[in-house]
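So that you can tell them apart, the chains are marked A, B, C and D in the order they are listed, and the count of residues begins at 1 in each.
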Amino acid sequence: MDIRPRDDAPPWQRVAYRVIFESDTRAGRAFDIVLLIAIVLSVLAVMLESVGRIAAEYGHFLRVVEWVFTGLFLVEYLVRLLVVRRPLAYALSLLGIVDFLAIVPALAALVLAGSHYLLAIRTLRLLRVFRIFKLGRFVGEGEFIVQALKASRFKILVFLTAVLTLVVVVGTLMYVVEGGQHGFTSIPKSIYWAVVTVTTVGYGDISPVTVLGQSLASVLMVMGYAIIAVPTGIVSAQMAIPSTLSTPPAVAYKQAVCPACQADGHHPDAKFCWRCGHTV
Amino acid sequence: MDIRPRDDAPPWQRVAYRVIFESDTRAGRAFDIVLLIAIVLSVLAVMLESVGRIAAEYGHFLRVVEWVFTGLFLVEYLVRLLVVRRPLAYALSLLGIVDFLAIVPALAALVLAGSHYLLAIRTLRLLRVFRIFKLGRFVGEGEFIVQALKASRFKILVFLTAVLTLVVVVGTLMYVVEGGQHGFTSIPKSIYWAVVTVTTVGYGDISPVTVLGQSLASVLMVMGYAIIAVPTGIVSAQMAIPSTLSTPPAVAYKQAVCPACQADGHHPDAKFCWRCGHTV
Amino acid sequence: MDIRPRDDAPPWQRVAYRVIFESDTRAGRAFDIVLLIAIVLSVLAVMLESVGRIAAEYGHFLRVVEWVFTGLFLVEYLVRLLVVRRPLAYALSLLGIVDFLAIVPALAALVLAGSHYLLAIRTLRLLRVFRIFKLGRFVGEGEFIVQALKASRFKILVFLTAVLTLVVVVGTLMYVVEGGQHGFTSIPKSIYWAVVTVTTVGYGDISPVTVLGQSLASVLMVMGYAIIAVPTGIVSAQMAIPSTLSTPPAVAYKQAVCPACQADGHHPDAKFCWRCGHTV
Amino acid sequence: MDIRPRDDAPPWQRVAYRVIFESDTRAGRAFDIVLLIAIVLSVLAVMLESVGRIAAEYGHFLRVVEWVFTGLFLVEYLVRLLVVRRPLAYALSLLGIVDFLAIVPALAALVLAGSHYLLAIRTLRLLRVFRIFKLGRFVGEGEFIVQALKASRFKILVFLTAVLTLVVVVGTLMYVVEGGQHGFTSIPKSIYWAVVTVTTVGYGDISPVTVLGQSLASVLMVMGYAIIAVPTGIVSAQMAIPSTLSTPPAVAYKQAVCPACQADGHHPDAKFCWRCGHTV
C-alpha cells in the first residue's frame, strides 16, 4: 500500500518523508547513515551490558546510552507515523514492525523491570540495518541474491525435505545403535546429533563410540559433505543464468551503412536500405 | 508395471485409485495433504515417546496416538492393495515397501513386545513424505535435482573412490604415526577419524597430538577443504547445462529442401540450391 | 607513482632495479626465487624458535640464522631504497611497508629485548611471498581471482551483513535461552558461538544443552550449511562469465515480413524491405 | 615409454599383456574385477588385523589370508614384468611402483619381523584401485575431473599460497594473543589451530579463550567460510566451460565467397552460390 504523503500534504511533511523514508537526496542519505551508526552503537551497548565485568564497571553509563538511543528511536518512530499517509498501514508493514521492535523491549522493561528476556531482544533492532540496503548500489545486488534464492525456492524446499528425512532416519538408527549410554539418550537428541554431523559442524558434544555407530556416522558425513554440492549447484546455476540468458539470438548485421541515409544495421544480405529504400 | 485399475474395473475402484494414488484432482490433493500431516504427527509421537521424561508423563496418550495412526495406515495400506490392478506388483514396488514399513514395526512390536529396535524404526515411515513430491511443481524440481545427480553419477563415483582411497591411506598413516595411546587404536578407527577430518566435521573425540600427526592432519584438512570444490563443481556445471543448451542453435537454415536434389541446409535467403543449382 | 630509476640514472642502478624489482630477466627470476627461499627459511626459523623443546636445544643456532636473514633483508631493503627513483614513495607503498615489516621486529627486539610480541610478528614477513606472484603465469591467474572477487564485492558485502545480523540475533536468542550456566555467559560470547556454528566450524567448547537451544542451534546449522551456497554461487557465476561473455552480442530482428516478397529478418526500425525495396 | 610387447613377441605374451594390462576384452575386464576384489579383501584383512580384539581371535586366519594375497600379488607382479617389452621401464613407472609397493611391505616384514610401520603401509596397495579406472566409462569421467583440476592448477596454487599465508599470519597472532596457557604453546601449534579453523574442521582440542582471541578467531572463521567459494568457483567455472564450448559453433559457413557475386555464407559443402547460382 502506498504510504507516501498526498500531493496536497503540507511541504514539511513531504520533505520529512523524503529525508526519513528515501535515500535519493543528500539529506536522505545522511539520515540513513546516522541511523545506521545509532543502530550499531545501541546494539553494541546492549551487548556490552551483558558482559558481567563490563556491566559492573560501566553499567550506569551503558544504561544512560541505552535510554538516549531508545528516546531517539521513539521520536523517530513517532515522526515516521506522523509523516506517512496511512500510519496504520506503515505500523503493520514488515519494516514498521521492525521499527517498533527497536523500541518496545526497552519501554516494556520499564514496566516489567529487570526482565532478562526483554532486554536481550533489544539486539533485534539490528534488523533495521536492512533499511540501509535501499541505499544506491545495494538495492540491485541484494535484489539479485533474493531473486536467485526465490527462483530456486522449490528446489531448495525439495532439498531441505530430503535432508530433514535423512536426518530423522539416521538419527533414529543411531539412537537404536548407540543408545543412551553414549549420549544418544532420545530420538530428538539423536536427530540433533545428525544435524550437527550432516551440516559438518561437528561439536563433538555427542559422538559415536561403537563400530557400527562410527560406520553409520562416516556414511552420514560423506553424504553431508557431498550433499552440500546440491544447494550450491542450484544457486550457482541460477545465478549464472542472467549472464547466460543475455546471450544473443545471434546473427550479425551487415557492416556497411546506407550510402543515402547512413542507416546501419542492415540484414547481411540486404540489397535495399531498410529505412530509405536506397540500394546498399 | 502398470498398477492402474483396468478400464472395466468398478467405478468406486477407479475413483479410489485416483484419490489415493494420484494428485491431479481436488480430492487427491486433499488426501495427500491429510496423509502428510498424519505421517508427520505419527513420527513426532514416536520421537516424543523416546524422551524419558515425556514418556513417563504422556506415555499412555502417545501410545494411543500411535495405535490410531497405525490403524489408519493399516486401513490405507489394505485399501491400496484393493484398488490396484496387481496387488503383488504394488506390494513389491519401492513405494509399496515403504508403505508397508510404515505399519510393520508397530504390528511386530505387538508380538515381540517391548522390542526397542522395532519401535524406533517406525520413524522410517517418514520416507513416505516422498510420495507427496508427486504434488504439482515439486515433480519438476525434484526431477531436476535427480537428473543432475544421475548425469553426474560416474563423476561422483570416481570422486568418492578417490576420497575413500585418500581416507584409507591417510588413516593408516595416522595409525602408524600417532598410535593407540592418542586414540588411534586401530586402522578402522583411524579411518573413521580421517573421514571426520576430510569432511570437515571435526568432532574432536580423536585428534592428533604429535607434531608429525598434526602436520599430516593439516594436509588432510586442506585437501578436504579444497576437494569439496570437485563435487560442487560437477553438480553446478551439470545444473547449469539446461539453461545453456536452451541457447539458440544460431543461424537457422531455410526449412525447405531442394525440390530437385533434396539437399537441405540452405541459407535462409537462398534462391538457388547450393548443391545442384536448382532454384529453391 | 613511478618508482623506476630515471633513464639517465647510472647503469648499475638501472640493472639493479631490473634484477630486484622485476622478474622478466633471468637474473630477476633468480633473485625472486632466492628471496622466496630466504623468506620461507627465516619464517621457519621464527616458528621453530617458538617451540620450547627446540628453542632449548637449538636456540643459539636459530638466533644466528635469524640474524643472518635479518641482515640480508636489511641490506636488501637499503639497496631497494638506493635504486628506486623516489625512496619515500617506495617506502610508503604497500609493498614497501611489507618489506620494512620484515626487518623492523627483529631490530626493535634489540632495543626492547625479549619482547614476546615483536619476535612473533616476524612471521609477517611471509606476506612478502606475494611479491613472487608477479612471476610469469601467476599474475594473470591471481588477477583473475581478484577480479572475480572485486566484481562480486557488493554482493559479498550484502551477504556478510546478512550473516552478521543473523549471528547477532541468534546469538542473543541463545544467550536468553541457554543462559550463563551452559557457557553462554554474555551476548558477545553467544555471538562467538553463533559464528562457530554458522560457519560449520563447531569447536564444541560451547554447545547448547536445553531442548529449545538445540532446536535453535539445528536451525542455525542448516541455515549455515545452505547459506554457503550463496557466496559460492556468486563467485562461481562471476568466474563463469568471461567464457560466457565471449559469445557474440545480440540484436533482435523486426517480427514482420515484407508484404511484397515475404522476406523476414528486417532491422527493428526498417521502413523498406532489404530484398525488394518495398515499404514494410 | 611404450611397454607393449613387440609384434613379433610369442602369442602367449601378447595375450597375457592384453588380459593383464588392458580391459577392452572380456578376459581383461574379468581380470580387472578379480584384481579389484583381491585388493579390497587384502586391505580389509590388514585393517581388521589392527583391531586388538579381532587380532586376538582371528589373527592366525588373517595372517594366512594376508600371505595368500601377497603371494598372488607377487606372482602377478612377476608376470607383469615377464610380459612387458621393457621390464625396467614398467618397474619404474608410477603404476609399476604402486604395484611393487603392494608386495614389498609384507615381504620386508619377513626379514624385519614385527615391524609395525611396514605392516600398516600395506594398505597403500589400495592405490592400485586406480588401475581399475581405465575400465570403460570411468576413463572419460576421471579424465574430465583431472582436466578441470589441471586447467585450474595455477589458480589453485595462488589460492593455496594465500590460504597458507593467512594461516601462518593468523596462527602467529593467536600465539601472541592467547599464549601457551590456552593451548597455543608454539607457533606451529597455533598454525595447526588456524588450519583446523579456516578449513571449518574445528576439533576443539585447542580453542580461543580470551575476548581478543575469540574475535580474531571469528574473523578467521568467516574468512574460511567465505574463502571456500573461491576454489569452488574456480572448479565450477572450469567444469562449466566444456558444456558451454560444446554449444554449436553456430554452423560453420564455407569460408569462400562466390566468384561471381561475392556472396558469402555458403553451406560448407556448397557447389553453387545460393544467390546467383554460380559454381563456388
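Just so it is clear, contacts are C-beta pairs under 8 Å (C-beta built on N, C-alpha and C of every residue); 3 or more make two chains touch, one makes a residue touch a chain.
Chain labels with UniProt names: A, B, C, D = Ion transporter.
Please read all numbers here as calculations on a predicted model, not as lab measurements.
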Comparison of A-B and B-D (more C-beta pairs in contact): B-D
Most widely separated chain from subunit A, with each centre as the mean of CA atoms: D
From the options B-C, A-D or C-D, the pair that copies A-C, where over half of the contact pairs coincide: C-D
Interface numbering overlap (same over half, different under half) for subunit C and subunit D: different
Centroid spacing, where centroids are CA-atom means, of subunit A and subunit D in whole angstrom: 39
Subunit A-subunit B separation of Cα centroids, rounded to whole Å: 29
Two or more partner chains touched - positions in subunit D: 159, 188, 191, 200-204, 224, 228, 232, 234, 236, 240, 244, 250, 265, 275
Subunit B residues touching subunit A - in the complex, by the definition given at the top: 43, 46-48, 50-52, 116-117, 120-121, 123-124, 126-127, 129-130, 133, 137-138, 141-142, 144-145, 148-149, 156, 159-160, 163, 188-189, 191-192, 195-196, 198-205, 224, 228, 231-232, 234-236, 238-240, 243-244, 247-248, 250-251, 267, 269
Contacting residues of subunit D [partner subunit C, same complex]: 154-155, 157-159, 161, 165, 168-169, 171-173, 175-176, 185-188, 191, 197, 200-204, 207, 211, 214-215, 217-218, 221-222, 224-226, 228-230, 232-234, 236-237, 240-241, 244-245
Sites on subunit C touched by subunit B in the complex: 200-204, 232, 236, 240, 263, 265, 275
